[in-house]
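One chain, chain A, links the two complexes that follow: it is found with chain B in the first and with chain C in the second.
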Partner chain A sequence: MSIEAPERPKAPELFPGDEEYRRHLGGRRRKAVIFQMFCLAMLSLAVLSLATLLYTIINDSFGLVATVNENDPEEIVAGLGHDPEVTGLQDLSHDQLVGLLEANVSRGVGRRLEREQRFYEDRLVFESDATWAEICSSGGSPTGCTAGPRPHADVLQLVNERVVVPDVIASYPLVSSLLDPAGFEQEVTEEFEAGSFPDHDIEQVSIEWRAWFNPTFLTTPQNSTPEVAGIRTAILGSTWMVAITILFAVPVGLGAAIYLVEYARPTRLNEFIQTNINNLAGVPSIIYGMLGLAIFVRLLEPVTSGAVFTDGVPPSDNGRTVLAAGLTLGLLTLPVVIISAQEALKAVPDSLRHAGLALGATRWQTVRSQILPVALPGILTGTILAVARAVGETAPLIMVGAATFVTTDPTGPFSKFTALPIQIFQWTSRPQPEFHNIAAAASIALLLLLLTLNAVAVIVRNRYSRRAE
Partner chain B sequence: MTAEPKIETDRGGRPFERRRRPGELVIRSFLFSCGVLSIAVTAGIVYELGKESLLFFQDERVGFLEFFTTSVWQPQVGGFGVWPLVLGTLYISLIAMLVAAPIGLAAAIYLSEYASQRVRGVFKPVLEVLVGIPTVVYGFFALTFMTPVLRSVFGANVVGFFNVASAGIVVGILIVPLISSLAEDSLRAVPDSLRQAAYALGASKLEVSTRVVVPAALSGIAAGFVIAMSRAVGETMVVTLAAGASPRNFTLGQDPLFGYVLNPFQGAQAMTGYVAITANGDLGYNTIDYNSIFAIGLTLFFITLGLNSVSRRFVKRFQQVYE
Partner chain C sequence: MSNETSADRSIGDVIEANPTTATGPRIGSTEAVFEPPGVIETNEMSVYYGAFRAVADVSLAFGKNQISALIGPSGCGKSTVLRSLNRMNDLIATARTEGEVHYHGQNIYADGVDPVEVRRTIGMVFQKPNPFPKSIFDNIAWGAKINGFKGSKIEMEDLVREALESAALWDEVKDKLNESGYSLSGGQQQRLCIARAIATKPDVILMDEPCSALDPIATLRIEELMLELKEDYSIIIVTHNMQQAARVSDKTAFFNVKLNDAGMRTGRLVEYSPTDQLFTSPREKDTEDYITGRFG
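Moving on to the complex of A and B:
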């Protein structure tokens, strides 16, 4: 008897339904490829939006402008006996600049400027000595009585604002300026022919390149004329504020992190603290601003205005000061600092703790000399990133009332101040295009500042982690 | 007889382990108070927002019921219905999520499932840069780029200078990295054995990604979505700059739903926008305006708190599955 061999299948069918499987294969492959392309396209879209954002800012910060000057700076320089080819307004001496102001500005305006800030340490230009002594001895004396003389850059700005009086009547973004410079000229001419500028003569218009983001922009104070405005006041305000934020948030945040990681037993209270910190990290920044407004600006006004530290006139007449803003941002940064410091501390191996304790060190001795040095790069990196976030915050500053128009530099924690993001917000919300140009230029400054902070974070991490190895 | 075990003592004859260490205690108390301060911050937020809101609702011009049921916000003439502001906030957040969810999730799937190490090295930092850009710069971007683009695409008579769409799209760009990084983390946390099992069964990469990995990481992805939503709701600067300062007052049933109430091309003030605009400038204490921003703030606080705890629940569920 022989066993019949089973009938072999004709086609090499691997499993039931093989034919159907093959039929679908092409479609499945196609779908897979389409899906992959879709994912890549979405990712590229995210990258593209970053590129577009940077493009928008840079595009608005440079370009051709058509300016009309009330007084031509070259003629002014020539009038003083200099060669306009060699000397510019910025090369004139302090005395010459003040002289220009004296000759061109009305006495009333001059007095107001002098009361704001003097031109010379030892003599007055617009005010008489007697009046000056009188206004400075009375209560609520103007800032000019105490502040030092105006620096060169500020006087130059005043000359620009009051004597030259530049008016940018039209501006072109960077890319259009590069591609079609003739188009701009034509556009300006057409505007003139259409009678858009009845006050100006087309002969006066000078068309030239202008970098809105330039060294002068960084070093001159805030001004209501966009053509001469700068961001020195804002940069200094941001700096003061961040200094206070760091002084407050870093010690407290680090302390809380050390407590939670090294000391806290899992009691209900400690778990509550942890949950609470996680919750705080998700609270919108504007709510911190409201807390700051209610607590630091209103409730603690005697402290934040500096009234409790002086007997006489408080340095500021309300609590809307650098100190209040710095503390508000400190509260805002606190949870971020705590969480990142906790991560860094948790990353330290337990063997170090055990070794320290086994040698008879107390808990604090172990933390201070064993754990902190190892965790330091992580803590520093996290802290710098948290501070970078605070630098860019706008909403809380609006809430605590960072003044939008301050032309004098902040001199201490009790000064009124403005900050970089506030300037950008303020300028962006103006309808005139020149304000958008300086808002873009200020955005570049802010982004560069943040970039620097991030670079510092990376450098610190690399340097310290190499040392710890 | 055995010798007494020798006890190490300090100079005062006190055993080391029982020696009192005031320094340690001081440090411990300081660290503890740092931790407790965070509770004080929360208490401060709730207390201040609550106190001022209470003053707001006690004002005779305001009704508690009216606040939550009417839909006209006109503080100048005593219209205190919060819905126009909530509508503005939710509408902008919704548009933002419609933009950010597909981009963020697809980007995360690409980074986690497809991208080589080198590609990841290029794209990840770019997404991180997007997180680091201050929101006021995004606001500038919305106003000077997105709005003009929308106006030239859909027509300047259709799209208002301030509009919900521009604000929503830019807030969407702003929250993409939040979604993508959280989603990518949870996709990468899915064990490789699941992928290999699916490949062994003959699944294509698309099928592995969408039918195995994404469902397995779903709660982590959902957590990312909810966090992003919470961020969009609390976002202030873009909304203030691009969506305008007039609340979109409406009467349900009377106003056309799509022509007016849900028109994406006109402005609508959001809750954060109202708070920022009202506080910007000299705001007198104990005025109805001052109190009203705290009532809005409290509403906002509870919305974001709710969203954040939902997201934490999702994360916890995700961790329970894979840890």
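Moving on to the complex of A and C:
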């Protein structure tokens, strides 16, 4: 629809006439629509890529599995004189379950389990009373000496792990499992017919649903058998590392940013420093890994191995510890923390600085009470995002020598450790398909960890910006 | 006096007519008027931004318990002069002040003078209201706290109340002292900023176009407030509004932009006289042109 403007002043030679103007307007509008569609298409592409990523991970983390048990639970139950139709393993009594363990587990493994946590309050199963009294009276007595007896569920899990010993021989991704469960059965049968599993009989195979990502997976340590492997060591390793990264990068980065924004005069030196910080933010992480290896692992080995803090045996025999990795990631994060803190500080209007200084406040008083509270949400958001980035870093950790197979939890800054991305990397490079499933499950855990960090960033920002208003 | 100044007769006249020494009585321009020693006196003050000389050779004396107005066209350096009176110009990395600024006879640009101390004594109110993003109470209490206020909680409450009463804001905000300073209207925010400046017990208050962001009614309230405040404080105000200068000030300094030999625009003091005299019978042709609206 066009608008008539009969009284428009005439400027024929500079502006197009009404007719031409309308034609031109149509062209402008078409261009606008095309550009809008282009932006929408790009957005869809971005959403699609993210959706594909999530699909891949989730698809591998859940689905049907074909399991072969070394000992069939039904036979075990029948062996104890129960009807397998009525009674399952979980219905057996505590005594029966412990009895199963006693009969099927080697004495050495049994002792280890008992030292971890005993089976009965009043008596021992694998250890002799005399040895028990001896190890419990010694200095580094194991946890079993003080902890209460194992609960029923715990013993049941042990029986499952050690007596039944389920072995996943084939797994099917989530979407195929949902759409074509019969196809999986057929596939497994064909595999058997082709003689892929000479050790097993097709009668033993049970096909069931399995969530690779489950609470047990999160709380069990690393294991060489994918069915029972978990990521507790990796999660704890990542947590320790992030804690050290934050402790190092946040105070240093914030201090540097405050100096550069609030105090530094625009001298050549300061401009040089600023340019370098900007460049450092773009340095590939593998380079930081090399730096970390040279400085923290080699040069500062007495510190990172904890040797300087103890008189006797150092907590670690070399510098490849949580501390070295945390500091390396701290260095990697530092430029980003500085830059985001600088941006947040620069966004605070100068009028507030002037207001503070005009009242006779020192620069520090003004920064502390007026500038920082306003800049804090921005600083925290930038910092947490930078740290979240560091949690997912793999290359520098490989350089500083994060171990790929650690079954004991890190207990302090001088522990050997592994981290979630390292664990995922290591599992995906294994040939057995089950490792790919747990790698996908570990990816979910890593994503959830990052999501939590980002959620914290949002909550903190909202909370502080409300207070600042 | 520099060569540039003597090359320019009218400026030379002004400075001869307003001799400024650190102490002692002064002789007015046309009639002999006894003036007490100024609370702030500038002596041959020039301000540079890098190599650019923004204002040159300003010699002025601002009287105690008076309102002194600085007027002039845009770019004449009146705000620069104001900011150099409490060393706020130090915050601009390239700014440099030459000459002397005396506060009760002490050069505030002398070595060893802490600008923090200067600003606590010579407070400032800015063009745009700039309350802190804190409660009304904290806006005022903070200045006292950082300057080492030793009183009790009740004494602090009294101080806040007193400052808000002096700024004619108490009745409007007494029920919402815990609300954010941003919840107030523009005019109220500016009075909050005045109250904040008063609470640190300064001697002089500098105001940099304090009403330019306000509507006429809010402007009127601030003007009334200035007239009340001059009982206790010396006020120096920069304004674009000649009527405002005429309404509130006791003395007015007119600045103008002059091109020097190199073609650089430099602000210079043209005339400094009692306000009624400057607006009724200006001595300088430039002043007359400006106040009659022929330029600027």
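Keep this in mind: the second predicted complex is superposed on the first by the 333 of 469 C-alpha atoms of A that agree within 3 Å, B and C clash if a C-alpha of one lies under 4 Å from a C-alpha of the other, contacts with A are read in each partner's own complex, and residues count from 1 in each chain.
The rule we apply is simple: a contact is a pair of C-beta atoms (placed from the backbone, for glycine too) under 8 Å apart; a residue touches a chain by one contact, two chains touch by 3 or more.
All values reported here derive from a predicted model rather than from experimental measurement.
Just to be sure I read the superposition right, which of the two partners does A:R28 touch: chain B = first, chain C = second, or both, or neither?
Touch partner of A:R28: chain B, not chain C.
Classify the contacts of A:I273 with the two partner chains as first (chain B alone), second (chain C alone), both, or neither.
First partner only, chain B.
Given the touch rule stated above, what does A:T362 touch, chain B (first), chain C (second), both, or neither?
both
Looking at the overlay, what does A:R265 touch: chain B (first), chain C (second), both, or neither?
A:R265 sits against chain C, while chain B stays out of touch.
Between chain B and chain C, whom does A:Q370 touch in the aligned arrangement: first, second, both, or neither?
second
Between chain B (first) and chain C (second), which does A:S351 come into contact with in this model arrangement: first, second, both, or neither?
After superposing on A, A:S351 lies in contact with chain C but is clear of chain B.
Residues of chain A touched by chain B versus by chain C: which partner has the larger set?
Per-residue touch count on chain A favours B.
Identify the partner contact of A:L293: answer first if only chain B is touched, second if only chain C is, both if each is, neither if none is.
A:L293 sits against chain B, while chain C stays out of touch.
Just to be sure I follow: which residues of chain A are touched by chain B in one complex and then by chain C in the other one?
Comparing the two interfaces on chain A, one with chain B and one with chain C, the shared residues are 360, 362.
Show which residues of chain B lie in contact with chain A when the two form their complex.
16, 21, 23-24, 27-28, 30-39, 41-42, 44-45, 48-49, 52, 102-104, 106-107, 109-111, 114, 123, 126-127, 129-130, 132-141, 143-145, 173, 176-177, 180, 202, 204-207, 209-210, 227, 230-231, 233-237, 240-241, 272, 275-276, 279-280, 282-283, 285, 293-294, 297, 300-301, 304-305, 308-309, 312
Inside the complex, what are the residues of chain A that reach chain C?
265-266, 349, 351-362, 365, 369-370, 373-374, 468-469
Using the touch definition up top, name the residues of chain C that touch chain A in the complex.
86, 88, 91, 93, 116-117, 119-121, 123-124, 126, 128, 130-133, 142-143, 146-147, 180, 182, 193, 196-197, 200
Which residues of chain A touch chain B in the complex?
21, 28-29, 31-32, 35-36, 38-43, 45-47, 49-50, 52-53, 56-57, 60, 251-256, 258-260, 263-264, 270, 272-273, 276-280, 282-291, 293-295, 298, 331, 334-335, 338, 360, 362-364, 388-389, 391-395, 398-399, 401, 404, 421, 424-425, 428-429, 436, 439-440, 443, 446-447, 450, 454
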